[in-house]
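The same subunit A turns up in both complexes below, where it pairs with subunit B and then with subunit C.
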Partner chain A sequence: MSDSRATDGGEVRRTGIDRYRHRIRTSTLRAGPALGAIRFLKRRKRLLTATQAGLGIAWMAVFLLAPLLYVLTLSFWQRGPGGVVVQELTLGNYHEILLQNVAIFGLEVSNIYLIILWQSLKIGLLTTVATLVLGYIPGYFLGRTESRYRTILLLLVILPFWVPLIIRYYAWILVLGNQGMATAILGLFGLESGGFLYSELAVVTGLVQVLLPFMILPIYNSVNKIDDEYVESAKTMGASPLRAFYEVTLPLSLPGISAGSILVFILAVGSFMAPALLGGPAQTMVANLITQTFGQSFDWPLASAMAMVYLVVLFALITVFNRFVGLEEVFGE
Partner chain B sequence: MTPLLSDSRRWQAIKGASGLLYLFLLLPLIVVVLISFTPTQYPNFPPRGFSLQWYASFFGSERLLDALVNSLVVAAGSAVVAGVVGLISALGFVRRDFEYKNVLSSLLFLPMLISPVVIGVALTAFLTSIGMEKNYLLLIIGHSTLVLPYVFVTVRAQLFGFDRSLEEAARTMGANELETFVEVTLPTIMPGLAAGMLLAFVISFGEFTATQFWIQPETVTAPIEIYTMVRTSLTPEINAMATILMVITVGIPLALDVLLGKNLILRSA
Partner chain C sequence: MSHVEVEHVTKRFDDVVAVDDVSFTAEEGEFVSLLGPSGCGKTTTLRMIAGLEMPTEGTIRIGGEDVTDRPASEREIGMVFQHYALFPHKTVGENVGFPLKMRDVPTDDRRERVAEVLERVHLPDVMDRSPEELSGGQQQRVALARALVFEPDVLLMDEPLSALDRVLREQMRVEVQRIQREFDITTIYVTHDQAEAFAMSDRVAVLDDGHLSQVGRPLDIYENPNSEFVATFIGESTKLSGTVAERDGRSVLETDAGVAFEIPATDVDPGDRLTVYLRAEKLGISPEARETGTAFPAEVTTTNYLGDTTQFFCTLADGTEVVVAEQGFTSLEQYDAGDTVSVQIAPEDIVVARGDGTASERHAVDESVA
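And then the complex of A and B:
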């Protein structure tokens, strides 16, 4: 990276015949083919080492940043008749999703996009809290246990992560559906149920189950690192086990908690499959709305504007979160 | 035993609650496998009887087998591409210093943070606008982008623990740069690379959300077929297919883990 910049900056701009003269003077023709080959190889080696990191950066620039920039541009264009994109700058899409109110049953209700965005954030928060409360227990257990089965128990947390997501969500249809396991079990106690699908409960249950490993593993890592002696000395100084937990273990496991929480929140808010498979129309989330707008209404500019607002809101939230805890915990260094 | 655990009652409660959570994590998947052997038309619980008919109908369906093959091809291709790009970039990031290194390395994690719906939409809009078709290449490019962070992070973790004096020793003994890389560096970081590529394969193999924007009828993948079946008609065929996919994504890594004894799965966590 720095190499190419140096030559860019240091090169003198030559014009006209000068340019050709310079090229001939420095060319391999004058220096002789052997010298030229050596110089070429040397330069290639330097280029090779300089571009190692550049390869990954270039990949993301071309296949992630450029597409995102294109979508940003699209969001300021407009869908013309027949789904054709009209390349005229307009704020119409943003006006439609942020300011325009939608009437439902003749009542002037608030904006449908904002309702759905809010709903996604709410479901994301619910999922994060539930995952944290539930995930702390096995995370703590795995971090503290001296069982010789710990490796296997850790494997069992990781393995569901290897099962295709679609299967993990689908599995809940079999459990929560109207002929599913939950109904069958309730039936044993003489309780009637028409299943639990197509509800917020089903969506959050599916999300919690799918995202639990993302919470358990960082918490396990944090708890595992805590020196037993800290907890011990807290107790010798008279702290009750509960107090020792609150004053020592919990604060020291905070890095794991924050890493797990931010990951779970981000993944839950952007989920497409949980609401699509386990939720009803009332549980539509922002990923589903973007998909519908892009794939079914073929309104690419509007879908792009929705994606942009979602990204801005999400990154604003991450930035706020980052101010308090620091994201390095999530990715390590 | 640590003092905190000496209160065995409290510890028993934690153990019991953890057990319940394991049940919560694993039970739904066990249900899928159990119901795949049902002889009835509708996947109900508990299964009544035993039959392999849904496996027979899966292997008799050209459409589903094609989807399975497509998934295998795309996942293998993406694991290789992400493996090469991830390995080279991790080498560059760990061993070289350059400006804005932190910002640039977070660029490589970006696909983990952005919803696959947005990545799916953006890549489709961008690449079709410059005239690219929705073919295998698009799928492999897209999937490689999605899984690159996982390869990058596992290889990078391995490189942090790498002792560079090994390379110096090889160089002083007369090995050139390429020989050193192939005979010293690569074997040492191989467990990390293998774990990352395995994870890349598994994630690509099961990817649905972004993939739905990238397929054409000929390139439909297994997760897309499952989604279509779930949305149209719930047949026990889904369970048979799901069980086969789980055997591939869980069974193969587990077998490799046991055979090679390299803790590949734990490494990928």
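And then the complex of A and C:
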């Protein structure tokens, strides 16, 4: 207020920033209709809450649910000549995906979609197991340490997010390629290798690197919430540090383990860039297949059906997981 | 040889001294409380006995064995934590059976002993429930059962009743005492609540800012506090300093606050400086201002009727506040704020501080205890 001075007429002469503040204030006060709406909502607490939640719900409905419903509809239509969508109902897309070339009892599954879906789930599972093993230790450490560097270490965990995904995968190409660092290092020990690129190992390695923070952070969060008293009381009752971990810390950190596993599994199964850049044709995953069907084959109805089957399978898997672990633990009360 | 011996134990965290040269003992089956305000080092002391903190200096012996360097899991101590620390992912039975499981007791045997100990803490039929379904008092019993089921050498309790409401706390006080007597187990109990320590303990150790101020029976500590800290921490008292004088062959304290009263005939000479504490409940009050050997005038500022007692807040001429607590007082209407009254004190009820009641005297006290 130091920059407003009273003039002779008793009026306040405003200078600098204060003039802008004044202008904004008066223009806000004159915005009667807008203020009226806000006042109306303030007087009705429940309506206000509904509006706040409604914004998010409306966004999801318009930009997620509506396109999904469109994809669902599309999956029952047909591809006409030249990729034109013919709006005639058919179950042909699903028949092609699920039942063609299938001999399940003879185990001769030559259906390319099912093979690739299975491949995706397998890579998802491998990635989840690897991130769990590699992520639990730092997550546990961050959750229990009283180091003053904890904040900095946590920042380091999420720091890779600043590097665009595509650059990280290209970096892995440099490491794993046949002229790459991995080959060079093995060469120092006299070991020959033609590089590790275009293999399942390369895809999983890349995915683990990218998805590790999604495992570390939930585990950190749930280990951090475990009261020291639990571990200490286990020790006073005769538990060795290892036994106390197995009996107390590990089960109490289960919510973090399942939250991290679900996140990593869903993201890994649906990954597109890792198999495209680090994998070979044999590592094609479901997202790549769907993209190809949409983009190169111009078969939107078939691609939509693939997307729906993928969605249902993933949903079913999470439901089964929920049966055994309990998702309510993942999302709190 | 005492059952638990804490000898010259010091604990430093970086450059903070949490516990400074504390020594005390507990006999077999004895109930000893560590009493003091928060931050006085009582919990750290308990945690060192448990093996959850390692002392920087000093020795801890349990049953004659030096356990100073032994981890908690090898000490055979039962501990009840402030928030009970019952495992939320295990049933009550699994919680109580945990120490037995750690000792590889077979499952059937374990179940039997768990049932038996739950019976003894008066909490049958909860074995298969989750601890989170139980009330605070029931959780307390489960925590006790879990600490006692493996017949440890010592029971340690860290403010176990502080999470309960007042009525339940007083009931559990009796219950903890009953269980302790029944199991006849040496117990070290941490509390900041003087009433709790006095009601339950055989002996109380008062801690102040990492130092041990006094150890003794509740009665000794109440009647003969050996430092200003103990005198003011236990109960409510008024501190008065002055010079000793002699009147008619009796020792009288002429206080700096302007009043004088008779003090017990201890080894003081006229002219000595002395500090005394007047316990609120040992003071009497009467409506007319008198100045005799055992009474002095004061002005009433506030009266608080509390039902079982009535508190009178009075001030002396120089503004020093004197608190008087009368038992079950009914003639409250005789006293109004601003009235001048007389406050009586019998010489034998006066607590005389040894030394001048400042910090320098505390070390003398520590040495006398050690």
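A few remarks follow.
Please note the rule applied: the second predicted complex is superposed on the first by the 262 of 333 C-alpha atoms of A that agree within 3 Å, B and C clash if a C-alpha of one lies under 4 Å from a C-alpha of the other, contacts with A are read in each partner's own complex, and residues count from 1 in each chain.
Quick note on the criterion: contacts are C-beta pairs under 8 Å (C-beta built on N, C-alpha and C of every residue); 3 or more make two chains touch, one makes a residue touch a chain.
Note that the structure is predicted; figures quoted are calculated from it, not measured.
With both structures placed on the common chain, the touch criterion links A:Phe189 to neither subunit B nor subunit C. Of the two partner chains, subunit B and subunit C are each touched by A:Glu232. Once chain A of one complex is fitted onto chain A of the other, the partner contacts of A:Glu247 are limited to subunit C, with no touch recorded for subunit B.
Of the two partners subunit B and subunit C, it is B that touches the larger number of subunit A residues.
Contacts of A:Leu159 after superposition on the shared chain: subunit B is touched, whereas subunit C is not. Common to the subunit B and subunit C interfaces on subunit A are residues 232, 235, 244. Residues 50-52, 71-79, 81-83, 85, 87-89, 98-99, 102-103, 146-147, 150, 156 of subunit C touch subunit A in their complex. Of all residues in subunit A, only 1-2, 49-57, 59-61, 63-68, 70-71, 74, 134-135, 137-138, 140-142, 144, 146, 151, 153-160, 162-168, 170-175, 179-181, 183-184, 209, 212-213, 217, 228, 231-232, 235, 241, 244-245, 249, 266, 269-273, 277, 286-287, 290-291, 294-295, 300, 303-304, 307, 310-311, 314, 318, 331-332 touch subunit B in the complex they form. If you check the complex, the residues on subunit A that touch subunit C are 227, 229-230, 232-240, 243-244, 247-248, 251-252.
By the touch criterion given at the top, residues 1-5, 7, 10, 14-15, 17-18, 21-22, 24-29, 31-32, 35, 42-46, 85-86, 88-93, 95-96, 98-99, 101, 104, 106-111, 113-119, 121-123, 125-127, 129, 141-142, 144-145, 148, 152-153, 157, 202, 205-209, 212-213, 222-223, 226-227, 230, 234, 238-239, 242, 245-246, 249-250, 253-254, 265-266, 268-269 of subunit B touch subunit A in their complex.
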